[in-house]
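The structure is given below, and queries will be raised subsequently.
Labels run A, B, C and D following the written order; every chain starts at residue 1.
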């Protein structure tokens, strides 16, 4: 094992060690576990950066740690792929994780599950790192599920709250539905290629029938839909906000939910050879982007707004990978991880300052009381709205420009409208929370968060401001593009560029959309030019639709959950107890009934016994006779 | 010899019929003794004198004495006569007739194996039939013989227990 | 040592019986000594069985530790023992679970302790004998003897309608077994007619030529016997009753070991003895296996009794195993065997936890339970691990088995495999929902019992932790590093598959001749 | 030999007739003895025909059994009579249920 492979394997080792340490001996560490855990992840981050430079200045590699499952021709090892794509992801994951860990020390201070929290958080980081590094589908699937499990356990971290444990369960089960498709995709892939190793699969894909590739790609995409909370499996993500806020920042904004995008980027060969599957990805992504933004317009729970914006932004990423602009998708993934992580951390800070209050209607005027939080939040909001020079501008516009230039005008138009809506709802949140007149409970002591929380926020805000510059010169020939493009050379270019509209023209439109959105929010909530209530009553049905999240949960409950439960009850009460067990008991009963009858033959009369005996003898003789 | 066979057959069948038809058990018992004697005669005809003697000793002697003793013991005259109802008679006769027909058909149409043993009449006569039986009984069938003796022992105990006044 | 190695299997099988004589002179009243000694003896037994693992040669499919003595020469019955990779692990599972269940019953079994431990040890002998026997008659004897101790364990120490459940269990399995016996004897006679030798030697009976039509009839006979034991879907109704009413130790043994015999019977007897019939009927078996997966899962979702829920989940899991076994591909059979062990470990552990909760709360109704997580963090954590292993979470053992089964069967039965795979969704639904309701939520309506008990709910003590710890460790071990298991199972399975494949060629030739195949 | 067998058969059937027809326990018992003897005759006849000795040996065992049976049966009859005051076979219905 040479240096770079040992570095690669050391990266997941630290979080794993952390998990075991806090999980088993957490109670002996008390408050210390937070610092040590952060240090562990920090080491992983440093190692990731080192690995990043190793890979950047040499080339990627793969390595197998040990053979894992060998059964017949099914041979899978615990093996890692380290290329440019995975090191970028590694740096992002460990970096954001480090900051979130540090933030959590302050946020979770005094919680009785402090060590438990860090143990699971470390387990999550471990799983996420392994997910990114895995070199075969089985390992990917393992950690794909493992991050889902961590999400489950962390959403339900405050299990005393029924809503929290419900949300955790919902997240796990909805993810499982996606994973079911993912698993079937793996089966089909194994059936078609007899291997689960990435390189071997990719080398075989061009020769495979398009239909097979399409089906496999769509099934894998089903997993991505579940994990990345795309329509129609997005329902778990808003509920997942029941978990501690740093968890939302790490898992439900920066890392786990982007695993779907990463997976498609990783399987770009597969998707690019199936234009149909890519088109489905594009459609789902576009629709989700719009749909989630629409819901976010009217919500009052700040975390839910940010959650829906996550769903919406993930939609953008799927748009990108759906048109074959994988670098753009990953770029948005990175920048989104930072600014959305930032938004969640600041939202957590608001929550912390208001003792857990999340309702926008009970906030206002917080700017003066928590300046750092407010400013960093605004940085995040501007990045989300795509205002230059914040990172969201570069990454989102890279996607939209590609969508336009590749000729998907409708998707582009939807993307622009969504951008407007995005700017509106995030600034609605900012204005209502920080600038409008205060509706905060007078008894509440509003305070800025401690340094240990604000420091990560400031660092994040710094990167949210600057990370976009790796996208310069914008779009197809940026530093980032040139760096990452190396990994995407073997794609089938199914969506060629048809326009050559200059980027500044297109980005002008997006920036305009963003600014309009912000301005509308300003008019409504600061200038009070129009009373929001009036608009509300003007578009009552649409408002209700948005406010009630398009009734998706209710529809699922009514159309799927209730009938299924009734059916299951029928199966148990009627089929199992009455029919099957009834048949068994019926047979037993028939024997018993027959026995009651047969007992009458035993009338105790010796003569009748003798009679029966002799008739039997006669009959037997008769049988021999006629034989 | 032929004539003797028919004489014995007639006696046997006739006395057997009498056994089952006589009303008085004592008469039946006496006819049964007669029947046993006739059977003993058959055994003599079949060159098994030892068996014939045993037949008379065990059956006609021991068992029948026991039966007669019991009949006396129960003081049969005091028992109100046990009546037989008609349908039972009919069923009995019918079944036994069918049985008889079957047996006769079976014997008539059945195939007989070739003689396989070595104990022809002359061999048995040379050794002596008692000795033949005895030798077999105490060598090859030793175990069965012992078991039979145990059975008898058990039967004695059983009979004693049953006949005891209270048990 | 030589002697020990030579007769290792015999020593292993009869050590528990022999140890009963050690327990017999102990006074009935001295319960703690009885418990400790019997647990210790079962631990010794496990250590003996561990020797099997150590000295087992992993690179051959041949039977090892073979012992053969004439028993009833006139019938060709012999005392013929031997193990291969599959029975090796099932034996290890048996000895481990016996130890675990004896250890688990310290608190649950309060009356007739002596009888209980003696019956458990006796049961262990019979179970081990069944796994090690390579002579059909010997196998059948052990197979039927098993019912007797189990009957008493359910009937004497059970709860609720225990007599009903015990009788149902015994009659149901007995009825199946008798039909199976008929089939086995028929094969025995067929073999006699062909070779003129009486033999119950399984390895020689493998070479009996049976025409396809007759094979199907015989297979159905054997199928009924094994299917009841598995249990496959329409023959499963004894299982919820027996599991629910049995004491914890009984449930653990029942789920952990007894259910394995059905599958083991298919693997060792039904399929190799009647390969053509197995090939013809495999699709049907798989269909009812898949129906069982979904059916078990669906019915589990709406159960109200904690133990009954776990029992129905067994039906679902056994459906997976049947799917894997009858798909007859090397990967899926490997998976089925692994899943067989997993099911023993996971469901065994689940029953242990259910038992612990029952001991504390005195109820198994899910609606009366709740809020345990606050009081008992260790119990919650370990219970959660077992639940997740049962759900098939990657990294734990359940995943490896399920995945191998599904990926192996996909090649031959894609549609059915996809339907079966949807079972993993429902597994998550019923187990996690159950876990939430039992451990997290406050009990909804509990006028008297549980509210009070939940307040004084005590966490697991050291004995209980020791009880489940081996199982938990195995869950992780088999999830992260299944190589030691797969390496030993692999050659056996490969041999099994090659036996079947040989017949597949013959079978296909027949099909072509009959014009059934378009090939 | 067939003649002997036919005679044995006839006696056997008469015995059966007695068993079926009569209700007096003692006569039933005697009819049974008749049937025994018919069987004995058959054994001896066949054994004679096939030049075997085992049939004759068997007859001896039958006699032993018959003797034992007689002892027990008569004991039962006595006990039965003492219990019921009759020897009507129809009164022997204690086996019911």
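In this text, contacts are C-beta pairs under 8 Å (C-beta built on N, C-alpha and C of every residue); 3 or more make two chains touch, one makes a residue touch a chain.
Everything numeric in this text was worked out from a predicted model, so none of it was measured.
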Chain centres computed over CA atoms; the one at greatest distance from chain D is chain A
Please list the single chain whose C-alpha centre lies closest to the global protein C-alpha centre. C
What is the distance in Å between the mean C-alpha positions of chain A and chain D? 91
Can you compute the centre-to-centre distance for chain A and chain C, using the mean CA position of each chain? Integer Å is fine. 37
Approximately how many whole Å separate the CA-defined centres of chain A and chain B? 96
Cα centroid separation between chain B and chain D, in whole Å? 7
Residue numbers in chain D touching 2 or more other chains? 16, 19-20, 23, 89
If I count partner chains per residue in chain B, which residues reach a count of at least 2? 88, 91, 95-96, 99, 103
Every chain pair meeting the contact rule: A-B, A-C, A-D, B-D
Applying the document's contact rule, which stretches of chain C touch chain A when the two form their complex? 168, 171-172, 234, 236-238, 295, 298-299, 301-303, 329-331, 334-335, 338, 373-374, 384, 388, 393-395, 399-400, 403-404, 406-408, 410-411, 414, 417-418, 421-422, 424-425, 428-429, 432-433, 436, 439-442, 481-483, 486-487, 490, 493-494, 497
So in the complex, the part of chain D that touches chain B is made up of which residues? 1-7, 9-24, 26-27, 29-31, 33-34, 37, 40-41, 44-45, 48-54, 56-57, 59-61, 63-72, 74-79, 81-82, 86-89
Sites on chain D touched by chain A in the complex: 16, 19-20, 23, 89-90, 92-97
So in the complex, the part of chain B that touches chain A is made up of which residues? 88, 91, 95-96, 98-99, 102-103, 105-106
Touching residues on chain A, where the partner in the complex is chain C: 66-74, 138, 141-146, 149, 152-153, 156, 159-160, 162, 165-166, 168-169, 172-173, 176-177, 179-180, 183-184, 186-188, 190-191, 565, 567-569, 571-572, 576, 580-581, 584, 588
